[in-house]
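One structure is given here, and the rest of the page talks about it.
Letters A, B, C, D and E mark the chains in the order given here, with residues in each chain numbered from 1 onward.
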């Protein structure tokens, strides 16, 4: 690759990192507004989350519990940006040819582990319990998610997200995975797993304020909390994008010279719909206890996912 | 010169019986470096340019009319590369670990010599002979724990393993009347099938494959840490060395398939491996004893290697060997770090430790990095190995194995964090603890080096195993220095690392933009309560995964330990019977076993 | 106590204009009901009055919060917790005090267990008078606080740093108060 | 050390006011709980001894903040007992209406904060917003939202304005409509069943001995209600049911004394209160609203011991008033329902509970710390 | 009234039974009432009769069956006041005794949880005693603490 090519690539990646952050924060703000409407309220302005992050990052005092605590900040933002850039976004491949879905799955663990380290380093039992719950929650939702992922992988005979997106975008909407009956089941299971990934009700017990005073974040403030909010914003985009890439063809509907604009808009609309669906579910359910959530995922969701996997397997070996 | 190395090892072993701890460890350390020179020398034979010391490749020893054929093969060279470097570092570590010389060094050197011997064996007799010496010397090292459960379980399983191997070897020998390993490819039919199956079962005891793992939690949790690091990092690989040798290099897979063409025996191995990985991971999550946790973690991680061998495609075998290499190092580091923690605090229970990260930062760093490798975080080489295995499973559409492997991978996060939080983070319970001694730190950090090198250059790893694979007729997979490419996808470690470093920049800007101050542990959120009013204990490490325990454990624990308890009880009744006639001491059983084995060997030779 | 380590003094002007603008538009208050004024907090936060309109949200722990609401009278026991929480908060931090009882004790002027003047122990930026203050009053106080932040007058946290020793002395006096020879009385 | 210590309160979202629970937790199971109160102790009983009989009215309503009217009523009733006063009929009805409105407001708050504790934040937003409409009625009737100082010894302070019954009726039918919405979102929610059934069970045979009262006692299967046992105000002339386990109306019956039953009892009692208010509005006679009162500054109450009890939304409120015939009371002692619920009952219920359930158990007991500490 | 019949003494006062018992009769009286349906312990109050140099403890019991409220009154000397604890009869008495111990300084033998309850770090006279002057205390403590004036000249 020549110098110019590298420069363009770097610029593109930077642009998408910025877009991902802004879109995440914007969505969170709009989400707050929509939830407020559900609550019969006016709600904050849609740009409220930008203000919140800016305020947190400009706090004068920032209290740390030592260098391991700081790892949380460093790993969370970098890890989630890394994950975002390994996903195809709206048909733009970014770095997704250099890795695959397994890599993305493991990259998502870097910020989580970073935050877990920071939370653990604060020494607060609330944080310890919160991280424990978050990890158990991760174990819970990963099983249905992994099974659906494997169903997709053996169907398309690839593990690369870019290839999955490409194969789903051959005929536009008609070739999206979700149009096939087995993948409808899989998409349902994966959407529930997404609810757990986004830590919304009924799966928000890791950060339940009434029980463990917001769990892992209990000692985070100032720039540390600000970085957590940025992480949440980018994670929101990354996780919904992962779902869109897997089931909704990455939002790719058009091919051609300026198709990327249309694809970008479709991608944005799709992840927005997913996010709205998630927060509306959150607004109408209480939270599960952690072992109930585990049972939910490993009993019901995993069975749904397994049915879709077996279905796909039969289709494939035929 | 090879004979000199062997002789020196034996002599050193005898000398260390009589000298003090310091001298013994220095002798043992330097002597155990010698075989590494041989490894470097032999690398020239496999397409690498290194220094030559003029060490011969082959050596035949004739004893009482029997010739032992020794020599290096590409496969044994690769396995030696992952097992032998552990020794000098373990010796370095044990320099400060032991208070006095009480029999660790001689047995360890014997174990080392016999490990070296096993890897060099080219005929069945020497393989079995060295295998027995290895089992015997490691048994004596286990015996040092003075723990009845550990000793008896190790004894039972070692004897079982030895008999299974002996049985397999005898059938092979009976079938083609040649002791040379290279001759066994000729046999077929039921005998070949039984021989290979029995050998695999025999080796899978050492490689702690479920359900033959039951000894490991006892032995790992009671023996000396340096030895356990070798046991988990090194000896378990010998089992897989044997498996690889008989399955792939000596065409065991074909022998199995010729006899029963319709049954995929290798799939069975993969299923056993994946169940082993999954169940052991779930059990590891529940452990409170640090060593037991690591023991179950070893069982789980070694299960991946069995999966790779079971799937049997080039991709899978490459992944398995990569995983074996990684595991040797990161598990050794973890056991050594656990030993360092126990050396300073005297505690093994995770719930009794806590807050050591700021007291023992270097130990923490070593453990953290090893844990990253264990959990296959993409900034360590652990990821590449697991990635290859996942790809292999998807490539073959093994829809039962793949989810189990992946969920076991997620489970690894859970117990990794258990170690990190329970031991190193959280409430600082040991304010007066000092950093581990320098020799321990040095050993751990040197062991970390390969993990760092092979994350940046995973391609080098594939180059290293290329001779071993091509010698067994397995093609090597496409790769460059940084990237591995399969038919399904591509993994570029450099892209990940560079992007991570680049993504660190905004994080670092945010980090540096505002100053922070470090506060004390006491200044913590206690719902508004002042700390000094209650001086609360704040380490939430006991029963950490209790919610999971209630849901998961009922399904796993009985299956995992129930049958072993049956065996244990049966042996207890049996030994009670024997006790009436004999002395009833464990040493005696050991001696009987050794005498019996020698008698069998004598019979073999006589035949 | 003694956990608070004074920050290096920082002039208000060093704080950029933007930081002031954003910090007044996103005031996160601490979830701490110190007294009966807290009964009016739920209405203010929920659908009738909806304080989130102004970017005000309740937070679970002091590290995350900017505004400490003293919702009513403080007993000595609560004061100790309030100070603990106040010192754990990260500056810039503001205090809004509710009701007459934080100003001069109100109807508890002769109670042996309530401190009378909150200002003697921690600096207060905005007072709300009345018992109980109405939700509109609370919202008004927040808007007043925003104005003060904008004008650079909400400097309670700087005052606390500057007169740290004096505040500590007052707090020590109220916590460790002893009357000579009184123990023998009973 | 197997256990770690966790503090719920005073500065914690999962606590029902300014109090604290010190928990010893193993894994996620509470092995020991210790209640630590006193953050709200203002020494009311001491202050009341140094104030005139009438001056105490503004003080007593501060004893229970979410539902202050029961305090005024109980204090007034105790004083009336000492004075041997029979209050006018109209005052009785107005008192009934005020007390029941306050009960609905308190129940709405209890349901809202309970729903918050299990993570469904829509319900608190709705129910606390609806509660405000009741506070509007209070504002029209008494001039204040929270502390009304309306029920006086001898009657009520002012007569009810002419248009108020219409407003009350409007508000009640609005709340009735809203209750169905709450049912859909909370009380018939599958996850609510999963979370609440069988959690935090008060052993029914111990309930009376432990001093449990109010809705919590009725959830254990005892249909005891002070409004029926010792009718005060106009309750003896009004026809209403006492909701108690196992008769939960349209809802399924599960275990006695658990969080689920306790919350449903509260939910169903709102309907009863609405019915009571409607009847009282219909039956309310014309006439005086307060007895001719003496000069408050020189008012002496005859010597004696009096005890008055009322049924609050939290349980049995009792006022023990001792007079020696002087200008000021000798002793006013308040029996708050949370005194037993918050300390004795909660400490026992929390032992063995999951930390995820701690806050929902506390909220379902409806503990109000000011009446513990006074 | 049933309770008066049960104990054999006492009088009616504003619809409540008021029974004075001696300290040594108290336990049996409560037991007897508890066995006969007075199973709801309402509360335990204390009254400080300063002129008479007496403390009066009033045990309130209630029967759901006969709908009757009984006050069992016990008097004791004000100096070194102490009483046997009744917390084994009704568990919540423990809490009332803790409060009365703190507020009046009465010792309850057999109650081993007489730890600080409402007050913290309190080493003055028990505040509910009539001879404790709350107003004077306030003057001595809270009013004596100075305001912290900002120094106008320095600025911040």
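The criterion applied here is as follows: a residue touches a chain if its C-beta (ideal position, glycine included) is under 8 Å from a C-beta of that chain, and two chains touch if they have at least 3 such contacts.
Just so you know, these numbers come straight off a predicted model, no measurement behind them.
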Between subunit A and subunit C, the fewest steps along chains that touch one another: 1
Set of chains whose contacts include both subunit D and subunit B: A, C
Identifier of the chain whose CA centre is least distant from the whole-structure CA centre: A
Leading chain pair when contacts are tallied as C-beta pairs: A-B
Most remote chain, CA-based centroid, reference being subunit E: B
Per Cα centroids, the chain farthest from subunit C: B
Centre-to-centre distance between subunit B and subunit A (centres being mean Cα positions), rounded to whole Å: 36
Between subunit D and subunit A, distance of the C-alpha-averaged centres to the nearest whole Å: 45
Centroid spacing, where centroids are CA-atom means, of subunit A and subunit E in whole angstrom: 59
Numbers and ranges of subunit E residues touching at least 2 other chains: 119-120, 127, 134-135
Residue list for subunit B, restricted to those that touch at least two other chains: 517, 519, 523, 525, 527-529, 538-541, 544-545, 547
Sequence positions of subunit D contacting 2 or more other chains: 4-5, 10-13, 25, 28, 38, 41, 43, 46-47, 50, 125-126, 129
In contact (per the touch rule at the top): chain pairs: A-B, A-C, A-D, B-C, B-D, C-D, C-E, D-E
Subunit B residues within the subunit C interface of the complex: 517, 519-520, 522-523, 525, 528-531
Footprint of subunit B on subunit A - complex, ascending: 13, 17, 57-66, 68, 70, 73-79, 81-82, 85-86, 95, 97-103, 105-107, 109-110, 112-113, 116-117, 120-126, 128-129, 131-133, 135-136, 138-139, 142-143, 146-147, 150, 153-154, 157-160, 163, 213, 218-219, 222-223, 226-227, 230, 289-291, 294-295, 298, 309-310, 313, 316-317
Parts of subunit A lying in touch with subunit D, wherever the complex brings them together: 38-41, 125-126, 128-129, 201-202, 204-205, 208-213, 283-290, 292
Touching residues (chain side subunit C, partner subunit A) in the complex: 7, 10, 15-16, 18-19, 22-23, 25-26, 28, 31, 46-47, 50, 52-55, 57, 59-64, 66, 88-92
Residue ranges of subunit E in contact with subunit D within the complex: 13-16, 18, 39-43, 45-49, 58, 60, 64, 67, 69, 71, 90-92, 94-96, 116-120, 127-128, 130, 134-135
